[in-house]
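The data blocks that follow each hold one structure.
The following pair of complexes shares a single chain, chain A, combined with chain B in the former and chain C in the latter.
Here is the complex of A and B:
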């Protein structure tokens, strides 16, 4: 569309006037909207003068007088102000866009809502989706986005048990926490050990629960099986019973001296199977055995979810596909490989990934079974601690290392988001319908 | 010919044998620890460890002691309140948001859906220090409302996404024809579409309700005095001291928690798969 010079000028003027939000709208003869925008702008300016500017400066200095300035609160207020500033920038952009768009409508000679009534009506109609999603945003911003912002900031400070406000000030230390974790020998060794075990634990436990889940679903999906419902209900129990209860029970059962595994189960196996003599095993005192126990228990806890999911998928595979494969001469294994597995993975792959990321941060399993123990591998971590339980210990111990904990938190978040993004891209979960 | 049929029959028998063998072993492995826990609740005397034995004295004393000697009643009440509030607020919020993302095309829709998807990947529970500092500033340490707030907010991105997926399965023709009949935004939402997603709302409610019963880390971190505890951290105090294990009390408490939750779970179980697969895979 070609605009004549006056129209172009009109659009330019409207946009330029919008440097002060509202003026562009008033120029567009939308008095009501313009005043509303002006009021928002004025409120922001007043807020900035009375509180905001100081909060933002505080974010840079983090306070100057120990005992007087509470660095933590200054940091939080600064972060909050930063959020407000971001929101205002968003509003500012919308304001420009709106002025330009309406000016264009005038130029094209289209109808423009100028009366209060029609603008309000238009707002109700188009504002509906925003109105319905605002609660979700507010909750997310304060329960997720804001804490993440604060975590990022704290990871670059020296907030630990030597620097507890208000008696002491907190200072920015740049990348020191990160370089400590990656290069300082005391932290680096612990970090590498904990991270290594976290990855092994995640892969082993999740693969185990997925394997048992798929296998059980396929076994139970055979036609001849009697009491299918009874088995189905039993296999759901580990999911239905709250996990903390079963983990704590298992924790007691795996006790070295009095637990049921060493006093009942192993003697039974020894008695039933000839030439096998296992004896008592150090489940809680030997790191390797604790690790084996934790992985097995997670298999027990996690397989029902996969089993339910895969059972549903199996029932939706049309019988003809198997029939066709059979006619082509495919054996049981080939049918499984070329019909069953693809069907399961196309639907369930993203959910399997959430299982892996879930176990990566499965605090309850690690902490409730043996509190991350036995023993210690330095820097506050036990021999079976994963990153998240190490963070917990760094934060709650007698000499808290808040800033290091925050740095590890950032590492976890980036790691998880990175892996999820790669996988989601591959499984095309990002492709939206329009 | 005869031999082939015979070998087929044998292999069929072997297949059946191993099938039932596997199912039975798995069933025993699942039931054994649960039965141990459940039976320990009815044992008299000071039980130190779980094992499966039936030659003891049976009693209901442990349940009485649970309410007279410990704070279990208060813990249960606390957890129930947190669970109900979390459930009502979270399900309301995600239903509204899920409906909007499924039904309306508005400026910023795709970007904000992407935002939900990425925020959902953030392991929020790891931000312990941030929660601690926020709680300090607001005087929210040891306050249940802050815990509720974190439960509600933390579940929103993922569950909005699942909810939207389920709304997508309701045919659009329905709202189109309602719109032609002159129904407004609210009428279409409440009278036409909402009744059709009841199964998903039920599933989401159950999940939101179950979270506070099972969540340990945040509750343990934020709640500092015993009378504020939820059941998960309360029950753990019975068995985390190796010298003084109150296994029977733990088991009695565990039964009182597990039975209602398990029953609710089985009532809604058949909706789980539809809920999971409709939302998880597509935008």
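Here is the complex of A and C:
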């Protein structure tokens, strides 16, 4: 649309005046809106003068006088102020846009709401969805984005045992924590060992629980099995008992000297099977045996969920598909491979992935069984610690390393998000069908 | 000339535990290269016959022969039979090509042969160019064709179709009826088609088996079964009918609704109680004087091709009339019909006796030199 020179000038003036929010609106004869914008602007300016400016500067310096300035609080206040500033910038952009748009309406001679009533009505009519969702978005920014932001910031500081505020100041150190994790030998070796074991643990334990789950579901789905319900309930028992109690019980059972495994189960096996003499095994003192025990227990703990899930899927596979495969000459194994497995995986793949990511961060299994032990592999980590339990040890204990813990946390998040994205994309699980 | 029987059932019974038998002492023969339909209400045993032929269930009693060889104990995949399922049973994770190729891959055929056969089968069902489609991207009719392609690619001698059209909408169903019939002629394979839709059965079959309560009630060409139903069930199940109790007074003379009528049936006992069938389209609306029956029009439905008019005579018998002309509800009208329109059914007659009687008519006619 072509505008004449005065209209163009009007639009330019309205936009320029909006440098002070509200003035543009008042120029557009929207007095009520203008005043409302002005009040928001004034509140922001007052907030900036009294608190904000200082907080933003604090976010850069993180305090200057040890003992007086509490660096952690300054960091948190600064993060908070940063979010407020971002919200204001958003408002500022909306303000410009609004002034321009209304001026354009004037220029085109269209109807413009000028009275308080019509502006409010327009807001309720056209902005109804926004009115209702904006509070939720604001709450989300402070409840979710804010803590994440603080964690990210801490990963770039030297917040550790030697820098505990308010006695000491915390300082920005850039990527030092990350370079330490990946390149400084003391951290690097621990990180690589823990990370390696985390991956092995995740893959082994989760694959085991999925395998047992699918296997039990398929066995119980066979027609010749009697008392299906009884077995079904027995299979669900590991799920029904709170996991931490189960893990602690197993922890006792695997005790090297007095646990049931070493004092009863293995002697029984030795006695029953000729030429077999296992003797007692160092379940809790030898890392390899601890790892085996943990993986087995997780298989036991985790399969009922998969069993329930797969049972449901199996019942939804039409019998005709098996018959069709049978006509074509597919044997038992081929029917399983070509009919059962694809059906299970197309439906359950996303759930299986959450099982993997869940075990990647399965703190309770590792920590409750043997507290990540036995022994230590440096930087506070035990030989069976996974990343998440290592983080726990880094932030508790006598010499906490908050900044390194934050950096490892960021690493875990990025790693899991990355893997999940790749797998979700590959499995087509989220392709919507009609 | 009699074609060789490809499938033969001898006194086959199928019974689960102590329930009444699903199939009760059934014997029949199926000839090569024809289109057969098993027709009957749900639970009549038609699907059981199909599953027995396919090898998904075993007969409790009796023998099943395939090309003269007993196949009671032959597993499903060793039979020269393939099935098209009601819900197609296509594999959702494989595309069209792989679905059709599935059986060949299981047989470890080499890729070049597979490719040739799959392409051939797909072009047979007019699905050329759809090889790489996913099953969920196909419409109901297309899935149906993929299922057929998957069946014919294995080159079976018999294809079993278990109500394959019931999931399609009316228009598509008509289209597929033509296509299936056409496909069967081109392939020359025996088709055994299961349905509960009598129109479908009449339109497509060379031969129909009407089943009820685990027994074959009547078998024959669509025309035979429609024109000469053996009993009340068949008459009622195949199309609309007016069925009434009556008495055979003499050869060519039958009595019902208290009146005597000329007919074409003979050779029955004198005064034998019988049932007669008159098809609604054989009744002609006429004046009271000219009509053989006098009835009052009770209600009328417009069916598109014709009006379906329901009338009652003064004894309270309902008469269903199909007419292209409308009648007025409440009018007294006359109904006229030819002697040939009356079809006489003996009570409790077996199929053998029935066939013999019908043959006697034609012999008799020839003998009389009519």
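Basically, the second predicted complex is superposed on the first by the 329 of 434 C-alpha atoms of A that agree within 3 Å, B and C clash if a C-alpha of one lies under 4 Å from a C-alpha of the other, contacts with A are read in each partner's own complex, and residues count from 1 in each chain.
Definition applied: contacts are C-beta pairs under 8 Å (C-beta built on N, C-alpha and C of every residue); 3 or more make two chains touch, one makes a residue touch a chain.
Note that the structure is a prediction, hence the values are computed from the model and not measured.
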Following the superposition defined at the top, how do chain B and chain C come out on chain A, clash or fit? fit
With the two structures laid over each other on chain A, which partner does A:357 touch: chain B (first), chain C (second), both, or neither? first
Could you tell me if A:323 is touching chain B, chain C, both of them or neither one (first, second, both, neither)? second
When the two structures are laid over each other on chain A, which of chain B and chain C touches more residues of chain A? B
Classify the contacts of A:368 with the two partner chains as first (chain B alone), second (chain C alone), both, or neither. first
Answer with first, second, both or neither: which of chain B and chain C does A:68 touch in the superposed model? neither
So, does A:413 touch the first partner chain B, the second partner chain C, both, or neither? first
Using the touch definition from the top, say if A:342 reaches chain B (first), chain C (second), both or neither. second
Just to be sure I read the superposition right, which of the two partners does A:333 touch: chain B = first, chain C = second, or both, or neither? neither
Minimum C-alpha spacing, chains overlaid - chain B and chain C, in Å: 8
Can you pull the chain A residues that chain B and chain C both touch? 433
Given the complex, residues on chain A that touch chain C span 318, 320-321, 323-330, 334, 338-339, 342-343, 346, 433
For the complex, give me every residue of chain B touching chain A. 16, 19-20, 22-23, 26-27, 29-34, 36-37, 48-52, 92-94, 96-97, 99-101, 104-106, 109-110, 112-114, 116-119, 121-134, 136-137, 149-150, 152-154, 156-157, 160, 185, 210, 213-214, 216-217, 221, 232, 235-236, 239, 245, 247, 250-251, 254, 257-258, 261-262, 265-266, 269, 272-274, 276-277, 280-283
Which part of chain C faces chain A closely enough to touch in the complex? 54, 56, 76-77, 81-83, 85-87, 89-94, 102-103, 106-107, 136, 150, 154
What part of chain A is in contact with chain B in the complex they form? 72-73, 75-76, 126, 128-130, 132-133, 135-136, 139-140, 142-148, 150-151, 154, 159, 216, 219-220, 222, 224-225, 231, 233-246, 248-253, 255, 258-260, 263-265, 300, 308-309, 311-313, 347-348, 350-351, 354, 357, 360-361, 363-364, 367-368, 388, 391-392, 395-396, 402-403, 405-406, 408-409, 412-413, 416-417, 420-421, 424, 427, 429-434
